[in-house]
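Each remark here refers to the structure printed beneath this line.
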Amino acid sequence: MFRLGLINPNTDPIHTSSMRDVALETLPDGCEVTGVAPERGPTAIESEADLAVAALGVVRLVRSLPGQDAYLIACFGDPGLDAAREVTDVPVIGMAEAAYKAATLVAKRFGIVTTLPRGIPALEEGLDRYGVRSRCVAIAPLLIPVGEQGSHNPDTTDAIIETGRRIVAEQGAETLILACGGMADVAVRVSEEVGVPVCDGVAFGTMLAYSLWRCGLRTGKSGAYGWPEPIAYTGMPGYGD
Amino acid sequence: MFRLGLINPNTDPIHTSSMRDVALETLPDGCEVTGVAPERGPTAIESEADLAVAALGVVRLVRSLPGQDAYLIACFGDPGLDAAREVTDVPVIGMAEAAYKAATLVAKRFGIVTTLPRGIPALEEGLDRYGVRSRCVAIAPLLIPVGEQGSHNPDTTDAIIETGRRIVAEQGAETLILACGGMADVAVRVSEEVGVPVCDGVAFGTMLAYSLWRCGLRTGKSGAYGWPEPIAYTGMPGYGD
Amino acid sequence: MFRLGLINPNTDPIHTSSMRDVALETLPDGCEVTGVAPERGPTAIESEADLAVAALGVVRLVRSLPGQDAYLIACFGDPGLDAAREVTDVPVIGMAEAAYKAATLVAKRFGIVTTLPRGIPALEEGLDRYGVRSRCVAIAPLLIPVGEQGSHNPDTTDAIIETGRRIVAEQGAETLILACGGMADVAVRVSEEVGVPVCDGVAFGTMLAYSLWRCGLRTGKSGAYGWPEPIAYTGMPGYGD
Amino acid sequence: MFRLGLINPNTDPIHTSSMRDVALETLPDGCEVTGVAPERGPTAIESEADLAVAALGVVRLVRSLPGQDAYLIACFGDPGLDAAREVTDVPVIGMAEAAYKAATLVAKRFGIVTTLPRGIPALEEGLDRYGVRSRCVAIAPLLIPVGEQGSHNPDTTDAIIETGRRIVAEQGAETLILACGGMADVAVRVSEEVGVPVCDGVAFGTMLAYSLWRCGLRTGKSGAYGWPEPIAYTGMPGYGD
Amino acid sequence: MFRLGLINPNTDPIHTSSMRDVALETLPDGCEVTGVAPERGPTAIESEADLAVAALGVVRLVRSLPGQDAYLIACFGDPGLDAAREVTDVPVIGMAEAAYKAATLVAKRFGIVTTLPRGIPALEEGLDRYGVRSRCVAIAPLLIPVGEQGSHNPDTTDAIIETGRRIVAEQGAETLILACGGMADVAVRVSEEVGVPVCDGVAFGTMLAYSLWRCGLRTGKSGAYGWPEPIAYTGMPGYGD
Amino acid sequence: MFRLGLINPNTDPIHTSSMRDVALETLPDGCEVTGVAPERGPTAIESEADLAVAALGVVRLVRSLPGQDAYLIACFGDPGLDAAREVTDVPVIGMAEAAYKAATLVAKRFGIVTTLPRGIPALEEGLDRYGVRSRCVAIAPLLIPVGEQGSHNPDTTDAIIETGRRIVAEQGAETLILACGGMADVAVRVSEEVGVPVCDGVAFGTMLAYSLWRCGLRTGKSGAYGWPEPIAYTGMPGYGD
C-alpha cells in the first residue's frame, strides 16, 4: 500500500484538503494520502519572500511526517524541493516539475497560465532549470491573485479559459499548464472548454511519486541529495525543528 | 483496467517477452500488457539504418494494435516516437525519455552506460532534445554489442557494474541509466552492487503511461502531434500498412 | 566528372524532375545528376508518419543507386539523413541543412516560410540540431499544403511573397528560406519581389555536395557515421532492401 | 557616507567579523559596515537544508537592519538573494554573483575551489543562472568541510594553493574563485602563490554595492523584485518577523 | 589615488568630455580621469566597419596612455576590448559589459534602447557573449542615428522616454539600458520619467574599474589575455603604433 | 568565369601564394584567384591585438580589390568578417566558418588542432558564434607558434599527426580541423596518416564562395550587413582608406 505525504506549503486548509482529494482520486484504490500544511506561514504564496518562509516549512513538514513512501510539494514554486530531497530518502516530487514532465509527454509545445506578471521571470528560471524552456511558447498572466483562484471563483475560471484559448490559437500551445495549486480543481473544465489537455501537477505529481515507488526508485544519496552534513546549529536543534 | 501496448522495435522475441514481464510486474494488479514486435526488421538496433527500419515498424505496430490505453516504445533510441504520437491519440512513451524523466526525479546528475562508442553522439542529441544535457555527467560505452546484453550474459553484467562504479566515483553520477532495452533485467542487480538507483526506462515508461491514463491525459492533437494530413500514397495504402 | 544522386523522398515525379533541373543548372558544365524517387510512399511529406516512410525510402534509394560522387536528400525534413550517411562513404547532404548553411553565409538573421503551423516545432528542433536557432527570427506558415506549392500555383507564390515581405519588414529577416522542396522553382521570383536573397536548399545543397567532392572530403567512418554494425535481420535481407 | 549591511547567513561570529573587516578595508575611507548574523541557525552552510534556514534568516536580517545604503549576503550560496531584493529597495548583492562578475572582468576562463563534491551540482546551477557556465573550466573540491576553512587552518590553505595551481596548469583557469566565505582571508596569499588573480566575492561584492550606490541605482521594483504582495500570514506576523 | 583612462573610441570631442564628466562625478573625491579619443577615425560608430577602425584606435590609445590604474572603453560596441586587455595588465572595462552587469544586479529582466535596427543582431551577439541573453526582454530601436543622441537633442530624449515606457509596460523590462554612449547624459531624466532604474555603462563601468583597483585585481595574464606573442610586423612598428 | 579575391590577413607572401594555389587547385578550370595581403601588419596572427590590426587590413583590402565575385578571408580568426560583409555586396567567406561547415557535413563530432593554448577561449567563442560548440569534442594545442607551421616544418607535421590521432582515439573526433592557415598544405598528409577526413577552410571556403556565386546568392543588405551608414571621419577619408 502506497502512502503519500502531500505537503501544502501554504496554510490554507481548503487548499490542503482539495489537493488531497485530487491525489486520492488519481491514485489506484487502496493508497493513502496524508495532507499537511505548516502551522505558521503565508496563506498563499506570491513572492520570493513567501517562498523563503514556505521552503523552510516544507523541510520541517517532511521531517515531522515520517513513514511515507513519497512526498509531493503541492505549490507551483516547488519551495524547498532540493532541501526536502536531502532530508529523506524516499522520493520527493515538485508540482511544477511534475506538470512540465506531463506536458512534454503529451505535446511538443505547452503554454502556462499564471496569476501575476511579476512571477514570470521566476517561472522562466524554472523552465531553464527543468530543461523545458524551448518547449514553452507562452506564459500568460491572468492578473488575478492566487487568493481568488479555484472553482469557487467562476469569473477566474472564465478568465483561465479565455486566456488558454488565446495562447492555443495564437502561440500554438498544444497543452496547458495551470501554474497554481489553486487552479487544480478547474483543470478538467478548462480542458473541455479549450479542447487541449490540461496538465495538473498535483494529479500527475502524485502519479510520479507512485511510479517511482512501484519501480523501487529512491532518491540517490551519494551526491547532491546526500543526507545533510552534521552541522552544529545555534539557538535551534537543526533545520528540521 | 489499463491496457498497455508494449512495442519492441526489434524482432527478438526474448526481448519482447522479458520487457513485457518487467512492465507487468511494475504495474498494479489487474492491468494488461500486450507485447508486440515487427515481423520483419533487425534483431537488434545499433545503427541509424536499423533505427530507420525500426521507426517505420513502430508506426505500423501502433496502427495494427488498437484498443490500448497507451503504448510504450521499448528501445533506447525511441524510434518512431513522434510519428507514433501522430497516429493515435492515447499516450505514447519512449523508453529513453522515460529513463531521463526518472533520473532527473531522483538525482541531480546521472550517468549512462551504453554499448558502443559510435552511439554516443546520438545519445547526446537525445539529451539535448529532452532538455537534460546538463544533468548528464558521463556516457560510458561498454564496447559490447547489444546482442550480448542481458542477464544471460554474466560477463556483460560484470562490465556494467564496473563501469557504473567508475562513473559514480570519478564523474559524480548519482544515478545510472542503462541505455539498452537488453540491459533492463539486470538493473536491480547493478543498483545493489553499485549502491545508486538505476533507472530502467521500460519499468518507469510503463508507469508514465499508466500515470497519464490515470490523469485522463491524452496526446494533444491540435498541433505537432495532430492526426497526419491526408496525403495520397503511391504503391502502398499508407504509412500504417 | 561529378555525378550527383538527387533523391526525392516523395513519389511525385514532377518534383523529382524539377529539382533535378535545378541541380543541373546550378552545377558547372559536364556534371551528371540522376534524380530518383521511391516507388512506394507518400506523394508529399507533411507529417512525421510520412517522414518515417520517406526516411526508409531514402536509405534504400542510396543503396540502390551506386556509383555516385555524392547524394542530395531533396526534402526539407532531411528524412533519413543520418542513416544515409552510414550506408555510403560519399557525402550525403540534406536540403534543410544546406539552406541553413547558405542563409548563415549571406545574413545574420533569416526567416522561414513554411506550409502548415503543425510543422513549426519540428522546424525548431531542426534549428537546434543544426545550431542555427538564434539566427532565425521567424517561421511563418502559409496555411497552404505542400501539394499546392510550386510555380504552377501562382496564388501560392503571391502568398509566399506577401509573407516574406512581412517577416523582412517586421521581424528583421535579412534572407528567406522556403521550407519545402516544392517551392524551389519560385525562389528567384520571390527574391526579386521581396528584395532579399532567397536560399534554396536544392541548389545550394547540390553545390555543397560538389564542393566536398572537389575538396576530396568524404564522410568520416570512424564514429557515428561508420558502416552499420552487421546485425541479423528477420524477414528481410537488411535495411537496404 | 555609504553604509553597508553585511549579512553573514551563518551564526559564526568569527566569520561575521572577519568578513566585516574585509569589507571595511576594501571600501574607501569614511564608509560604515554593519556586520550581522542570525541568532538562530547553522554555524556553517553545507547543505540545501542549511541554505533553507539561512535564506529565511537573511530576509529577516534585512528587515531588522534598516537605514543601510545596500546589503551584501556573505555566503557563496547567495541564500535568500531574490527574496531580499523584494523586501528592500536599496541594492542587495550576493557574494557568488559578485565573484563571478569580478572573474569575468579579469579573465576569459575561471576555476572554482570549493569544499565538498556534493556541492558541485548546486554550483553548476548557479553558473547557469548567472550566465557564466561557459566561462568556468573547473570546479575542484578540496574534500575539506567549511568548518576547517580560513587562515587559521594552514593545511587547508596549502590544499587550496595546490588545487589552484593544478586547475591553472591543467584546465587553463586564468583566475580563481574561492567558493566559501571562510576562504576570504587567504585570497591574497593564494594569489601570490599561484600567480593568478583570486576573486573574492566579499571584497568585490562590497564594491559592487558601493558602485550601485554611487551611480544612484536601486533595485527595480516594477516587476520580479517588486515589494511582496500583501499576503495574510498565519501564526506569525509575516516573512520578516 | 585612482587614475582612470577613459577612452572614447570615436573622434567627437564633445562625447569625450561629457563622458569624462560623468566618470569624474561618479567616482569618489580625489580620483583622476583622463579622457582621450583617437586623432583619426569615425565621428560616430554605427557599423562594423566603423568598429574595426575604432578597435585598432582603442588598442593604440591604451598603449599611448600609460600610468593609469584602469581603462574604460566608452562605446557600447566595446571595440577592441579583448585586444586592450592583452596590451596592459591593469583592468580594462567595456561600457556594454558594465551596463549588463549593473542591470543584472538591480533587476531580473532588462530592456535595451538602441539607435538603428541594423545593430540588433550585433547587440544579441553581445548578449550571448556576456551570458545575459535570457535576461533581456526587448531591444527597441529609436530609428534615430547616433549623431542625434544626447541631451542637446530634446526630441531624441522624448523618443527614448516613450520607447522605454513601452518596453516596461508591454515586455516587462524592469530596468533600461541606453545602448549608446551619446545617451549617457539623459539617463537620469529617463529614469525619472519612466520610473525604473536606467543603467549607464559609463558611470557603472567607471565604478567597476575603481572596484577592481580597490580589490587589487588585475587582468589575468596566464592565458587568453596574456601579453601578445612577439610577432614581427611589416611596414609598421607593431599593433600599438 | 568566377573571380575570387583571396585575402591573406597577415603579411607573409609565402602564405598568400600557397593559399592561392590551394584555392586555384580546388576550383574547377577557368576560375581566377587573386591573392592579396596587407602592406603593413603582422607577419603572423597569434593575439587579439594582431587580429585588430588584421581586421582593419581586411576591410581595406576588400575595398581596394573591386571586380571580384566573392572574397575569402584566409586566417582562422576570421578577422574583419562582419565588416567586410558590410563594405561589399558579393559574398565574403571566413576560413574558420568554412571549416566548421565542412566538418559538420562529414561528421557528427570534430576535433581542432591549434597552435597555442591561449587561443582556446577565442576558438570556443567562435564555436558558440557559429553554433557548433556541441559538435566539437576537443581543442588540442600543439604548443608550436604559427611561424613554425606548414609543410616546410616536418616536425610540426609530425606533431599534428600525433595530436590528431590522440583526439580521434580518445575523444571520438570523427574529422579534424587544422585551425591555422599555415597548416593548410599538410591537410592531405594528416588525413592519410590519421585516417579521418581533414577539413581545410581555405579549400572549402573557396568552394563555398563559388557555390554562392553559382546560386546567384549575394549578401543580404537590408539589415546587419547593410552598407555602412555615412559617418563622417576625422583625419582619414573613411574605413576603407
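We call the chains A, B, C, D, E and F, going by the order they appear; numbering starts again at 1 in every chain.
The rule is simple: a contact is a pair of C-beta atoms (placed from the backbone, for glycine too) under 8 Å apart; a residue touches a chain by one contact, two chains touch by 3 or more.
As the structure is a computational prediction, the values presented were derived from the model and not from experiment.
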Chain-touch separation of chain A and chain F, in steps, is 2
Ordered by label, the neighbours common to chain A and chain E are C, D
Most remote chain w.r.t. Chain E, using mean C-alpha positions, is B
Taking shared numbers over all numbers used, above half giving same and below half different, the chain C and chain F interface sides are same
Note: among B-C, A-E or B-D, over half of the E-F contact pairs reappear in B-C
Of all chains, the one whose CA centroid lies most distant from that of chain F is A
Larger contact count among B-C and D-F belongs to B-C
Cα superposition of chain B onto its copy chain D, rotation angle rounded to the nearest 5 degrees, comes out at 120
Averaging C-alpha coordinates per chain, one finds the centres of chain B and chain F separated by a number of Å equal to 43
Between chain A and chain D, the Cα-mean centres are separated in Å by 30
Whole-Å distance, C-alpha centre of chain B to that of chain E, is 52
Where chain B touches two or more other chains at once, the residues are 108-109, 117, 120-122, 128, 134, 172, 223-224
Contact graph of the chains (line, ring, star, complete, other): other
Pairwise touch list, complete, is A-B, A-C, A-D, A-E, B-C, B-D, B-F, C-E, C-F, D-E, D-F, E-F
Residue positions on chain C within touch of chain F in the complex are 26-28, 91, 93, 97, 101-102, 104-109, 130-135, 168, 172-175, 188, 195-197, 199-200, 203-204, 207-208, 210-212, 214-220, 222-225
Within their complex, chain D touches chain B through residues 117, 120-122, 124, 128
Seen from chain C, its contact residues with chain B in the complex are 11, 39-53, 55-56, 59, 80, 82-83, 85-87, 116-122, 125, 128-129, 145, 147, 223-224, 226, 228-229, 231-236, 239-240
The chain D residues in contact with chain F across the complex are 108-109, 134, 172
